[in-house]
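One chain, subunit A, links the two complexes that follow: it is found with subunit B in the first and with subunit C in the second.
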Partner chain A sequence: MSELEPVAPAHPVMPPWEYAPAPESRDIVRLQDRYGLFIGGEFVEPKSGRWFATIDPSNETVLAEVAEAGEEDVDVAVTAARSAYVTAWRDLPGSERAKYLYRIARALQERAREFAVLESMNGGKPIKESRDVDLPLAAAHFFYYAGWADKLEYAFPAMTPTPLGVAGQVIPWNFPLLMAAWKLAPALAAGNTAVLKPAETTPLTALLLGEVVQQAELPPGVVNILTGAGATGASLVEHPDVDKVAFTGSTEVGKQIRRAVAGTNKHLTLELGGKAANIVFEDAPIDQAVEGVVNGIFFNQGHVCCAGSRLLVQEPVFEELLEKLKVRLGTLRVGDPLDKNTDVGAINSRAQLHKIGELVASGVEEGAVMYQPPCDLPERGFWFAPTLFTGVSQSHRIAREEIFGPVLSILTFRTPEEAVEKANNTPYGLSAGVWTEKGSRILWMAERMRAGVVWANTFNRFDPSSPFGGYKESGFGREGGRHGLEPYVRLEPVS
Partner chain B sequence: MSSLAPLSPVITSSEASKMLTRTPAVDAVGLEERAASLATRSIKRDAKLWALDLVIRCTDLTTLEGSDTVGKIVAMCSKAVRPDPLDPAVPPVAAVCIYPWLVPTAVTHLAGSTVRVASVAGGFPAGLGPIDVRLQEIRDVVAMGADEVDIVLNRSLFLGGRYQQAFEELAAAREAAGAASLKVILETGELGSYDRVRQASVLAMASGADFIKTSTGKIGVSATLPTALCMFEAARDFHRDTGRAVGIKVAGGVRKAKDAIRYLVVLHETLGPAWLTPDRFRIGASSVLNDVLMQIAKERTGRYQGPDYFTID
Partner chain C sequence: MSSDQRLPVRRTAKLSIGGQFPRSESGRTFEVWSRDGRLLAHAARASRKDLRDAVVAARGALGGWASRTAYNRGQILYRVAEIMEGRRAQLEDELRDAGASDPAGEVSRAIDRWVWYAGWADKIAQVAGGANPVAGPYFNFTIPEPTGVVGIVAPPEPALLGLVGRIAPAVVSGNVAVAVASERSPLPAVSLAEAIATSDVPGGVINVLTGSPSELVPWLAAHMDVNAIDLTGCPDELIADAERAAADNVKRVHRAGPAEQHLSEITAFVELKTVWHPMGS
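This part shows the complex of A and B:
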């Protein structure tokens, strides 16, 4: 090719405007073939001798092998955490602990692109979300709790806070790095040490966080990261030398954990499932409500515990809203998670895809009306088209069970009382959304919603200073804000 | 441009007032968030060339200065017809947008080209002169050969709540413009909220405007992405409710090709492919054109050229 030859045709005629692929480069991530367990500040071979493959759910290719921690590995990690707690961390001045947390936060910012690409590769979420949501928020959580580390006595007036000891933390696969940040930052700020167990399908960013922990020169053993599946989590939760258990995940596993810690003096917080109602009144800012509904259920493929999976619409605007939603669904770009223009990525695992498929089939069988926009899904990998259901009643499984996928059930209501009744008529209570121009109605609704978070004219907005957690079967305890420190301290009145 | 054949308002002024009260509320946080999220779209290679080509075809090359002379207009007209003299594949712009005094010059120099003559009129930019003088100015520029007339909404009436009278003025302007295409400038920077932007959009569309336009370019705040989104959403519902497709013109503050492409993305994902045409979308600008030419050259050769390789007219 001569030097002056055009590299692209001049003014091509392309009747519909197709966005050219805009893939974020994977080159910034240097994957190892195998990842050991992060214990005592080092990556070590598992004593269990077992390894498992972790894949890219968008194309099912194997990314790496990671160690599966057995009971013995859990014991080594908890022992390392205990030793670090006693010798290095518990008695360190808060201002010194803060320095380490600030270092982690800054390292996350500096390596944000690397983390974001890896998060999308291993979890299937669109790069624009891992880049613009997961990473900035993860760093913000470390910054926020770093700020509290030397001010704990001001967080709890007239009380003396002391750390609990070793925290065993088990996190889910939907926001792998962000959940690690939610768990580690308050625990470390309050003077605890931690053993973190990332989800089976998404271990890689947690392991990269292990590198950051090394980079920040945390005393060895303050943070330990054990990869594995359910059995590893169970061993960690049941380990006798763990003082505090924090879990985010399904309600089913949450119940098992609560049984396991019953009769021990372990502290426990659970952040579990949800079936949130997004309630749109007739006076709502309708075009923004459409965006909020879409963001509420299709953000992160609906793999969000606080997803707005039930849409309650006041009858006068039902048809208009439905029509607008259908049009909007047609503009969602489903595909390669690494493409910067992708709105909806891959389903996290084959198991989750099956679960979504099964619940959607039940919806059709029970007589609800399904709508999916025309969209081409890739052949390899795990994919599910954005889905709406109308004609849903409260008794349908799709209105009661957490689907944890891109599936929205639409119901209608007539009065605010009916909206509250329907919204609260669920075993869950994690979040809710209210869309109305009337300020007094927002307050009236928020008082009556049995949900840990009520968003007004927005949805799925997170901030490290804002507490997050559930009512009823969505769990207990709060993460974020001053409230998020409380589960990690013992409080005694100032004598 | 046959799709822009003028329509006299089918809606009466009292109906228009009612339409305004039914206009949906706009949540500023949500609107700005949506605009910001669309601004992160990554438009590359063929998609970018396609967009840059469309930006040129949708540009109203504008000069609205008291110092505009015949010489300035002649130069701008030749730029409008042939934006890049070295590259005949670069299309002409949609129109030149000028003051009434210079319309005959532009008409003469654009004869035989596809570039249309747009003139501001109706007491631009405040629109607060006597109504008969303002209407006469519209008739005069059309008589001089303007294909398009850009007028302003009477914000004094609109912000004072006298919607019916504001509507009647616009309807009279529509009639005065005759066969010319009428663009109504809302001067969104003076309206104070997105709710008001949406209401003003509805008022202007109902009065028969062919285009609604963001700004005069004469005040500090001109077109912004969220404001444009708000107007696109208003046009989308208006089309659904009345079947009438109204165009949108963003004006002022669009200086870089990247900004222009962002407007196209928001337009594309709000009103759809049918609005990606100069019949339904315009960008009022002057300096954006050379940046677009520079980006085209860069896409084609892989290198940036210096600014001196693009003509300043």
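This part shows the complex of A and C:
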């Protein structure tokens, strides 16, 4: 490279863009001091007698106290779900179940701003994302599956579907309300009742959903919401009267759950971690690809299981792409999640911040080259600057392990075959991205990616009608679409 | 010398791995007796090493098999039925010796099962996949793809139909299989493997091991290069441990559904891939 001229910046250095603060008002949210467990249609005190504080990760202030469900609480909730299943929900005509779900969808649309603000307060994600992604998609999920509730017999060729019973559902903290929607909507549409365990750090929108469920007048016990940490989730998964377990979270915990339900005949679906390759070919529309790469890894602070955390760039465009990426990183606004101009919000928790920091340190230690744009981070709260690594080899931890933060590892390749080899060289298989103008290559690549979702010339798109889920150690089962009903039904051949 | 004085040539019952017919590397065999007390064979008793060799052979065959056209896979599996039809007498004899209640009927059903699943090869994608009407300017479609290497524990009975009924739906979508045959009646499985080897099924796509499931299942369930496991024939006392071991690489675990032959037996071993692309001028 030494004989080449120094590479000029792809863009002239941008003039400083000043943004006046544009905070979304927190007033729309009416927080209670304490939230009980949502069991049998009521908010109740926990039998465990234990409570824990839930905070705003952008400033570490306590938002509320939340009940920690113990084993006895789990048992009460599962019993309520079983009772509602037998007496109210299982035999309700699908057309009536549908109308309850439509009510929930509509309520989420009506109260969207309130939910979005609360989501950003409790989880740290930019209001732009909770307002424009999480909430519309959550409502759309209920609306979509509502429509299936009275059409189940059309969904499975030559099979008669019946509900499974009580679903125990454990969800993560990165898309708290949206994951609740992904879990509850198909379960309820198919005639199951549910006990949902939101993540320890982000319980508040799930509890607000409990209020929506009340207002929609669902039969008590059809939806139960138990807050707590890992022990609560474990009690739920292991409860003998749970028929179906659905989990979204880390591969490590997914494997524990798989072991816990071994030999029990419980139905199981797992949506686990990822280490997606986002592959940019030399003929790609580079400016669009830069936007896609940035969206792929910095969307939701990189707290995304399908994040494009490994960028594979074809060698001829590596320098150009890197330069443009660095310029683009310099324009990302990191800060107050409630500010409508914020691109990257707060890291969800102190524990997650430590994990990101530890993996980033390993990247430096193993010899990769780190780049972070100049970036003023707030003093309180949990923050991590957008980060790039170059000089990454496939054996580096930052190329193998899920970081779940705003950290991109960049590798290069020469041929399409090499790109395929590197992209698939991981135990994960959740998603992949391909950027090229050549149609035949898109299809050739898409066919070879061992991943459940392939985004070509786009990234991080979601839709209730589009099945989502992993290959290999990214889990099994699909959420979304007709396929997303299957985990919640027992199928008998049509006689 | 009249024909009934001629001494018949006995067959050595061997494993089927990678298109070859080896004895067990362990040198072990087990006796196979007919219901009326005749010693039929010393069948190979597969070891953990044989199982691992079979997985290596299967993994090696996966790319070629999965990338064939669905039409071609359908024709090849149909040809297995053709070859079995020519070997009816041998298969019926073996089932009779094994005490099957209706040997001729079982062979017929096993052949017909290949034909039924072969016909699915180029129809799975249309029935199990589809276009998704997403709310945005994107073309979005979902297609089924093979999971990879599928470990199969065949039921003890029916020895032939049970094995065919597990292998055929697994391989029709492009998976490759390592099957552990009925311990009680291994000879129909050996003959099936020989029929498969003389069809056009590429070596390594279907590997058949004879021996003891209680010895082999724990290794099959724990093998990190096996992507899915069919525990239909697994002894009850081994299931919980096998499912626990399957967690190590998030194996898909399946036990046969209520339908004897069904699309659901195929889709148990497919992955669904969804592809998005923007639309625009």
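Observations on the structure shown:
Throughout what follows, the second predicted complex is superposed on the first by the 478 of 495 C-alpha atoms of A that agree within 3 Å, B and C clash if a C-alpha of one lies under 4 Å from a C-alpha of the other, contacts with A are read in each partner's own complex, and residues count from 1 in each chain.
Methods note: a contact is a pair of C-beta atoms (placed from the backbone, for glycine too) under 8 Å apart; a residue touches a chain by one contact, two chains touch by 3 or more.
Every value quoted in this text rests on a predicted model; they were computed, and no experiment measured them.
When the shared chain is aligned, no partner comes close enough to touch A:M370: not subunit B, not subunit C. Looking at the superposition, the partner that touches the larger set of subunit A residues, subunit B or subunit C, turns out to be C. Applying the stated contact rule after C-alpha superposition, one finds that A:A262 touches subunit C and leaves subunit B untouched.
Applying the stated contact rule after C-alpha superposition, one finds that A:S465 touches subunit C and leaves subunit B untouched.
Look at A:D283: by the touch rule set out above, it reaches subunit B but stays clear of subunit C. By the touch criterion defined above, A:L92 lies against neither subunit B nor subunit C after alignment on the C-alpha atoms of chain A. Contacts of A:L31 after superposition on the shared chain: neither subunit B nor subunit C is touched.
Residue contacts after overlaying the shared chain place A:N457 against subunit B and subunit C alike. Of the two partner chains placed around the shared chain by superposition, neither subunit B nor subunit C is touched by A:A229. Judged by the document's definition of touching, subunit A residues 457-458 lie at the interface with subunit B and also at the interface with subunit C.
Listing the residues of subunit A that touch subunit C in their complex gives 140, 157-159, 251, 254-256, 258-259, 261-263, 270, 272, 427, 442, 446, 449, 451-458, 461, 463, 465-469, 471-476, 478, 481-483, 491-493.
Put simply, subunit A touches subunit B in their complex at residues 4, 6-12, 14, 16-22, 128, 132, 283-289, 291-292, 331, 340-341, 437, 457-458. Residues of subunit B touching subunit A in their complex: 24-27, 29-31, 33-34, 40-51, 53-54, 87, 89-91, 233, 264, 268-269, 273, 276, 296, 299-302. Only residues 127, 130, 132-136, 138, 140, 142, 227, 239-244, 246-250, 252, 257-259, 262-264, 271-278 of subunit C touch subunit A when the two sit together in their complex.
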